[in-house]
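Look at the two complexes coming up: chain A is in both, with chain B in one and chain C in the other.
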Partner chain A sequence: MSKLGQAKRIIFLKTADGQLFEVDEPVAMEFEIVKSFFDENEDAADDTVVPLPNVSAEPLAGIIEFCKAHVEFRANGAAGKDEVKKFNAEYIKEKSNEQLKELILAANYLNIKEMLDFLTETIANRLKNKSVEYVRAFFGIENDFTPQEEEAVRKEYEWAFEGVDED
Partner chain B sequence: MQLKVFTKSSSVHDFSFPHITSSNFKIKNGVAVNLHPPYHGQGRKGFLKDEETQIRFIENPNCERLMVTRNGGLPEDMLVEILSKLPVKSLIRLKCVCKPYCGQKLSLYPDQTLSNLSHHDIDPQIPVLRQIMGPHDGLFCLYGYNQIFLWNPATRETMALPKCRNPMLMRPFDPGAYYCNIGFGLDPMNNDYKLVLIRTLWDDETHLFYECFHVSMYNLSTNSWKDFEVVELTQYSLHKRSDSLYSNGICYWSAIRDNKDHQVILSFHMSDEILREIEGPNIPESMSADLGLYNGSLSLLLIDTV
Partner chain C sequence: MEMNKLPEGCVSTIISLTSPEDACRSSLVSSSFRSAVESDVVWERFLPSDYQDTISRSGENNLKNFSSKKELFLHFCNAVLIDGARELSITWSDNPEFWIWKSSPDSRFAEVAELKSVSKLEIEGKIRTQKLSPNTRYGAYLIMKTNSGAYGLDLVPAETSVEVGSQSVSSNKAYLTNQDAKKQQMECLFYSNRRQMLKPRVLDSGINGVTERKDGWMEIEVGEFFNGESDEMVKMSVREIKGYQLKGGLVIEGIEVRPKK
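Moving on, here comes the complex of A and B:
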């Protein structure tokens, strides 16, 4: 342990696909599920491996990257500043919709509030000016309207269909 | 002329709503709201959001169960989080996504964009407008000729309330025969919008007012009226034009207490559904008294022409 102010404590996390992650304690403690694991098992050995059966390696790596950066921002007093916005913007820039959905599922399971807020906001921004078809594809929703029924609803709310972006 | 302000201690009621009078017709808040069901799995709930409470759920027993799986594998609370961050226009567009998203009733959604809205035309379908109440979470109540409407300018939707039957007068509705005092607001215990209608009834035979009020209440979640027992309130009379004031789950009216010839404040709790007189100062009948909120507390503005 870091009782003598020596080595930082490392937390071991094991994903559903069997990968082992070594994460700095402050970053791992951002995950509410990991935090409560150690709260409930106070005498857990330092090399205890926390199993994460609902998270696979790819989203976990992404989440660690995000939380690590945000832990540092807080430590440097940069929270809420432009630096953070810039990081967040870069972070999601290359992420596909599928990747975002995987991230949000994993962040939900790990229970990381800050990241969930950010991800829901991000997804809302992506969907904001998109067509009905885009939203259906995003959430995997099947269209159960007949063409006539759909046309009637579209007509009723015509004003809401002005200024929609291309998919 | 003399002005007095009576303020009831806010420790009695915890007023947290911003002061919006019925004549103040601007949208003040980011706004929001719910009602029917659209975006959730369980289908019997709608979501709403306002500045203070984030998201609340409203039961809607009229709604069919929606399909739980219609969210691309995202947990329901995530879906609600995402959708609650969309502007109204996007949400309205999403009515076309699938049938469960397309509500049958009035739909009200959260929207930050409304804070920029300064005026809005009222739906021309609404006949002669007599009174406007609200907004509460972006929802206005409009009292037209012989009909009450709810109106959400953000979604551009109006809903006519079903007619409230008149238990005392069996003959055809005659709007001149009696008058209504309306209170409108949120029942915070049940997260439901309610409208309370106090009717002062007129007897055509005797050409006198009946010595009682009839109180009915409308629930938005069930879209139905509920009649209370006819309330024997012989000692009170409400002004014909007495506007109600809603604050934190309670509607207030100023009324005259007949036998003592002084004015009192009547309150109706949206949650426990009880009409009662609340303690107040002794105000002579001759003074004009307007209800309002002053520094977050219920207040009476008294105008005394000396």
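Moving on, here comes the complex of A and C:
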């Protein structure tokens, strides 16, 4: 390969469900976990495939879409501007709670700060003023309290249980 | 547990972006949520931005006395932020004919203001919302007492109001003293004509009264407001200027602001 070649380096990522993704280097380097993989393996061959055993294809595709857009925003000096907000709002609009959860789990594993900040805020907004049952369903969590423990927590925070939104 | 479990730190961050009420409720989701809610990450965000300054100014407490940010938050909920009477703006309060300043053993402040006799009562307190927890509904209360020579306080209700920025968010009426039945009878005899005359000038419905506090003082609700995230000036005022009723015997400790449950 020519040293002068501006050909973009491609990073190969392999998901838990066996799909191979080809990602532009600047986008893949948004993933802290990928970045440190290459920092630690400086002599890794160009066609090295980075395994991502905790991420499946669907959320990864979503994450790549998000990071790609944000890398471009930064390159264009648009960071923090309205078009970013518009993109984010549009991006999240179609996502179900389940998809959001998959995204945050993946973003957390890949350690992508900007996307994590965005997702935590989005999820927080979806959980505001919701019932305990709603939050459990959102995260797929079982109630593991004994009735006595539950009663104790309920007593402690009695005032917080009034007037929540319909689920 | 399978891989679809968010780490506790991540859950704490999410909870910190909701509200104190949501956080408390989340404690009931599961034991792992409960421990995520206890995190300082959560409560640090709910604390007023200048809480360190406020704690050190209050004199009675030290940051080291609090084992967690949650405990500190609850301290702010219970013990509250106070404007002592000297911080309030009270019309004519520098005129000793109308108001006297004196120390009171059960006051948290060096001085309280005691009303001798005045026809026009105006008390105003201000606080910046950055001193308060964001995303929380607050109530403002005038902390007061009446002395044995109190008079004229229960004839005409005072008007209470709260403004955030320069928008009025709450306005109400309150009597400045408890209406004691016997006294009321007497007053009816003496003042019945005057009462009749005053009625049309002030509305008589939904008027707040005085509530006893555990600390020996009494309070009346000045109003309530929701503190969002921006820093604004909140003005709380109690006025009785319509009735032109001479009154006295009111002792003012200050205005207290605390989260409303």
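Just so it is clear, the second predicted complex is superposed on the first by the 139 of 167 C-alpha atoms of A that agree within 3 Å, B and C clash if a C-alpha of one lies under 4 Å from a C-alpha of the other, contacts with A are read in each partner's own complex, and residues count from 1 in each chain.
Going forward, contacts are C-beta pairs under 8 Å (C-beta built on N, C-alpha and C of every residue); 3 or more make two chains touch, one makes a residue touch a chain.
For clarity, every value in this text was computed on a predicted model and none was experimentally measured.
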Which superposed partner A:Glu83 touches (first chain B, second chain C, both, neither): neither
Partner chain in contact with A:Glu65 - chain B first, chain C second, else both or neither: neither
Chain B versus chain C as contact partner of A:Asp17, first or second or both or neither: neither
First (chain B), second (chain C), both or neither touched by A:Asn54: second
Partner chain(s) touched by A:Gly140 [first = chain B, second = chain C, both, neither]: both
Common interface residues of chain A - those touching chain B in one complex and chain C in the other: 101, 104-105, 108, 116, 120-121, 123-124, 127-129, 131-132, 135-136, 139-145, 149-150, 153-154, 157, 159-161, 164
Chain B partner contacts - residues on chain A that touch it in the complex: 101, 104-105, 108, 116, 120-121, 123-124, 127-129, 131-132, 135-136, 138-145, 149-150, 153-154, 157, 159-161, 164
Parts of chain A lying in touch with chain C, wherever the complex brings them together: 54, 101-102, 104-105, 108, 116, 120-121, 123-125, 127-132, 135-136, 139-145, 149-150, 153-154, 156-157, 159-161, 164
Interfacial residue positions of chain B with respect to chain A in the complex: 70-75, 78-79, 81-83, 85-87, 89-90, 92-99, 102, 156
Touching residues (chain side chain C, partner chain A) in the complex: 3-7, 10, 13-22, 24-34, 261
